[in-house]
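Okay, so chain A shows up in both of these, paired with chain B first and chain C after.
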Partner chain A sequence: MPNRKLVSFLYGLPWLLTFVIFWAFPLLYSFVIGFTDYRLLQRGYSWVGWGNYVALFHDPAFLSALKNTFIFVIGTIPATTVISLLLALMVNRRFRGRGLFRAGYFVPSITSMVVVALVFTHLFSRGGYVAMLAQMVGLTPPANGFLYDSGTALASIMAMDVWMAVGYYMLIFLAGLKSIPDELYEAAEINGASSLRQFVSITLPLLKPVTLFIIVINSIKSFQVFTEIFVMTRGKFDTSSAVYFVYEKGLTTRYDFGYASAAAYLLFVIIGLLSLAQFALFRQRKKLSW
Partner chain B sequence: MVVRRGGLPAVGRYVVLSAVLAGMLFPFVWMLRVSLLPTGSIAAENLLSSTFTLTNFLDLFAQTNMGIYLINSLATGIITTLGNILFCFTVAYTLARYRTITNRLLFVSVIVILMIPAHIVIIPLYILCVKGGMYDNYWALILPWLVNPIGIFLVKQYIETIPTSMEEAARIDGAGELTILFRVMMPMCKPALAVLAIQVFFTHWNSFLFPYILTQSESVRTLPVGLAMFQGHQAIDWQHLMAGSTIAVVPVLIVFVILQRRIVSGITAGAIKQ
Partner chain C sequence: MRYLFVLALLCIVSACGSAVAKETVEWWQFWTDPGIKPTIEAMIRDFEAANPDIQIKVTDLTWSDGQEKIVIAFNAGTAPDMLEVGSDWIAQLAANGYLSDLSAHIAPDSNRFKGWGMVTYDGKVYGKPWILGTRVLFGNRDIINQTGAAPGFVPVTLTQLQKSALAIQKMRKGEYGWGSNTAEKHRLYKKFLPIFWSFGAQLFTDDNRYCVISSDKGIAALTYYKYLNDSCGYVADQRGVEDAFLDGKIGYIISGDWLLKRIELENRKINLMTTLIPGPKYPGKSFLGGEILVVNEQSKRREAALKFIDFLTSPANQVRFCKANRSANPSSVEAQADPYFAGNPHLVTFIKQINSAICPPVDPDWPLIEDVIEKAVEDALFGRRLVATALRDAQIQITALKSHAKP
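What follows is the complex of A and B.
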């Protein structure tokens, strides 16, 4: 019989290697270079202590990217959560064609972000369909299109993101709705509770864990917004995000690795706090075994 | 008396649902229509015309690197998916069945990475790939993504629902460790591995940031990266851009229609399976 311990170790080896090489090392490495002025094609580097972090908080580009990221998160998450819950409620009960609606709403969230962003670049452009729609309801669309105007560019990208995400979170809400026992509604009905009352007193409270879960995973995802900004505006018109800032500083023109790594770490701390919240929720519900 | 629990009356419900559905699908319909339009204006009157052509698609393959992008996306996607099926399975198996100290630590690392946003390692991963000779070749598109924490977690949860009696019986019959792993356990994990495969392939097929920052040459570009790079070119009009987009979307849609159930169960399994 082979050494069972060795066998168990070998099975786990692929992850151990991936973890050490592609996760632990990069994370440590970028933490360290965050305290240096390391740049591409530069011989050597010097320690700058907290210099990069101090500079970040005086860098208008970073502050604006951070501000936009927060606007993005705070703006999209309530909209996505409420709309996906409404969709889930509408397609929850059995009726003819339910599967078609569910599948249709879900389609945007499995398509490539690049494709969606390209299509919406045209929809949001001057004379595009969104502008036509705005004119129909009596609004004046921006002269150069929604994405070429600092007042509307970020909001347009946010609207697109909500459109794209609602079907996905609808599915998670549907699974949450399914886990609510039918007996609760039956009991409520016998006692003559109105449907609104049932929704407020049964559905909403029992959906609370799922809702929290959705809010947390969605905010972790939204704090990393990048691709749509890259494709639609390249960070112009006040749309740069934190990850876009990291990319722009670290991997274009100056290749300022140290500075960009410091920015990435700040983002990491923010998202890390959210992840801890997620973990707490997770443990509470699943009782993870260590 | 039939009690209707909340909700809109039937007709109203269908009107609202259909309006939302139209809003969800319109961008795709537009994409498809534009992709089939001959060169020229893509104004509304042309969209409604009855002229359809496939030249945009043919042009893409004849005059751009679309064929290369497509093959790259497919090939690296398939390799990554196979890698995840194999490695997420072996890792999940050892985590589920061998409760050693090293495995406990390994599981902690899975959980930690599960919750760390991948985007924050773009700078060090870029440097690592450049220094390690992986930059701008297939290795960068494959090697870091051969096993993923979500997949390990998913399969581990599944293995834990399988009673150990099967393996014990096989062991008594004299089966070796590899036989138990691949002949006994793997077939039983098929549903979880199918869900995993779909998720990995879709993620890989759609992913943009990492393939973009870790490659540079046309010969290793994937489909989303190639499309995003088309956008800046004056020579490429909306018809061709949308033809390329259609090529990126249609395979996903076909797989989705065929495997809908699996895909949906995969998403909810990650979220709330009680």
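What follows is the complex of A and C.
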């Protein structure tokens, strides 16, 4: 029996080692250096206690990045969730060429974010297609393009992000829709329920676990928004996000690892709390109505 | 027989030993472009042939993450013997004791090379300038001629530049008078500071203690720059501005010698004009930066590395490099006088501009100071703050940075 335990342990050892070396240790180490003034280029460091965390709450750049991140999350999650659900409902119907539509909506989500961001940088540029479209409908596009204007830069990135994400979440909603038994809809139809009533009383409640999954996953992903900002604006024009702030502090300028680690942990706490709140909210609503 | 075998084995081992005794200098560098890499490799081969006891092990870096790799390597104690670094990294690396003091070694070269200001920190020299970088004014002569300018017109004052750029804009043919860099880290300040310095403004007092960016001259410079941007500017990132210029959409831009290389490699048909940055007194000032060769303070092969640095920076090798790279900024005075440069008027412009170019202060806090300057310029250009307010706030921030400075 002890041999069996040893063999099991040895089987798990490669994963355990990888976890400890590449996950657990860096996580703990960065937590510790969040309480120091550790900089990559500096020899030695000193303990600053909660100093980095206090400084973060007085740092206009961090507060602005945090504000932008919340705007990004609040702006993209409902749009992504609603649009992907509508698309899933649409491609769930039987019609000729629906496979093509499913694939078409899904393709952006398997395309490299860098490639998509570069393409959209051109679309949003001065004289680009988006500016031309805006002019066609009588709107005045920003003089230097959508990404070089503080009023439109973040919204433009958010729009691109929604476009890119809906295909993936559509597929998850589609899987959820497929798992709803047809008998429920047949029974509702016999009882004279309208399509809207069926959607509200059957589809939405039974999609609740999927919706929760999508909202939580998408929230975490949106709080970590970085690549599109790095490629499209480099955090300029009021588009810096919390993760971009961490990158800027930790890996550019002064390589301020202590400060950047504190910011990363603060973001970790925020994401954790919001995820817990989302779970609690859905659990509460289950007790009340569903 | 057995003794003979042992003797033969000893001979082989000792022969291998002498081969192993070769000193291997590790060098990290950034020239990975297929146009220049073969020249780098050829120079290494030539050096190794001339110095059979030294072997060069080269590692290529990219500008996108090379600095991160260098910083992490120094932090981890795994940095190579010798590195090519950007001039604005010197102060941070030197202040933290990562670079070898080359003052004694370079003393005989002090008059034979330019750019020592970029590598001198706290009175000591921490690197040898290799390839310099400056900015000049580029113009599209076809567009300028359409405004009715005299044949061969070259703006030598800032007023002439402004009038000519505005005249291009007024033609309303879809062309812009001026190419204006958007908020782009590490790039915007290199475009603004030439105008700033040309106005006679200074970032710091002569003793480098106090920031004076919001002097009357500083405000006049940013007001001028903003006026060009607002009245006739095509705003995009550096690549976008250069693309538009090469496509014949912009009259004037400030740029570096890489644009000459692009024009040649992409076979662009542009009626090009290059001139020194205009100023109230011609020529105006420009930005000076460059590629610096440094030695790791911990290197055990310092002498071999210095030998290789001297080889790379020799006038002949600098000309060889510039020819392959189609660039025009050797640090060697002797190389600058080479007929290769004199035969091309655009290359001559760059060589001349180096003489009136200024390098930013060699300060460990420069990356932060640079951020503050760029933020002020960006805010003024895009109307978020008034010129005077933006510069005043920048002055306060930079003063605070310097008073709390720790390397």
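The rule we apply is simple: the second predicted complex is superposed on the first by the 271 of 290 C-alpha atoms of A that agree within 3 Å, B and C clash if a C-alpha of one lies under 4 Å from a C-alpha of the other, contacts with A are read in each partner's own complex, and residues count from 1 in each chain.
Just so it is clear, a contact is a pair of C-beta atoms (placed from the backbone, for glycine too) under 8 Å apart; a residue touches a chain by one contact, two chains touch by 3 or more.
Owing to the predicted nature of the structure, the values given are computational and were not obtained by experimental measurement.
Student: After superposing on the shared chain, does chain C or chain B touch more chain A residues?
Tutor: Between chain B and chain C, the winner on chain A residue contacts is B.
Student: Touching A:Ala175, do we find chain B (first), chain C (second), both, or neither?
Tutor: So A:Ala175 only meets chain B here.
Student: Counting only touches as set out at the top, which of chain B and chain C does A:Thr211 meet: first, second, both, neither?
Tutor: So A:Thr211 meets neither chain B nor chain C here.
Student: Is A:Val107 touching the first partner chain B, the second partner chain C, both, or neither of them?
Tutor: It touches chain B, and chain C stays clear.
Student: Where does A:Leu251 make contact in the superposed view: on chain B (first), on chain C (second), on both, or on neither?
Tutor: Both partners, chain B and chain C.
Student: Thinking of the overlay built on chain A, is A:Ser150 touched by chain B (first), by chain C (second), by both, or by neither?
Tutor: In the superposition, A:Ser150 touches chain C alone.
Student: First (chain B), second (chain C), both or neither: which does A:Arg43 touch?
Tutor: In the superposed model, A:Arg43 contacts chain C only, not chain B.
Student: Which holds for A:Ser64: it touches chain B only (first), chain C only (second), both, or neither?
Tutor: neither
Student: Would you please give the residues of chain A that touch chain B in one complex and also touch chain C in the other complex?
Tutor: Of chain A, residues 251 contact chain B in one complex and chain C in the other.
Student: Mind listing the chain B positions that touch chain A in their complex?
Tutor: 3-8, 10, 13-14, 16-17, 20-21, 23-28, 30-31, 87, 90-91, 93-95, 97-98, 100, 102-104, 106-111, 113, 115-128, 143-144, 146-147, 149, 152, 176-177, 181, 202, 205-206, 208-209, 212-213, 223-225, 227-228, 231, 238, 241-242, 245, 248-249, 252-253, 256-257, 260, 263-264, 267-268, 271-274
Student: Touching chain C in the complex: which residues of chain A?
Tutor: Touching chain C: residues 40-43, 125-126, 143-145, 148-150, 234, 236-237, 251-255 of chain A.
Student: In the complex, go through chain A and note every residue touching chain B.
Tutor: Result: residues 2, 4-5, 7-9, 11-12, 14-16, 18-19, 21-27, 29-30, 33, 87, 89-91, 93, 95, 97, 100-101, 103-108, 110-116, 118-123, 129, 163, 167-168, 171-172, 174-176, 179, 185, 189, 195-196, 198-199, 209-210, 213-214, 217, 220, 223-224, 226-227, 230-231, 243, 246-247, 250-251, 257, 260-261, 264-265, 267-268, 271-272, 275, 278-279, 285, 288, 290 of chain A touch chain B.
Student: Under the stated contact criterion, what part of chain C meets chain A in this complex?
Tutor: Residue list for chain C touching chain A: 68, 71-72, 74-75, 92-93, 96-98, 182-185, 234-236, 240, 367-368, 371, 378, 382, 384, 407.
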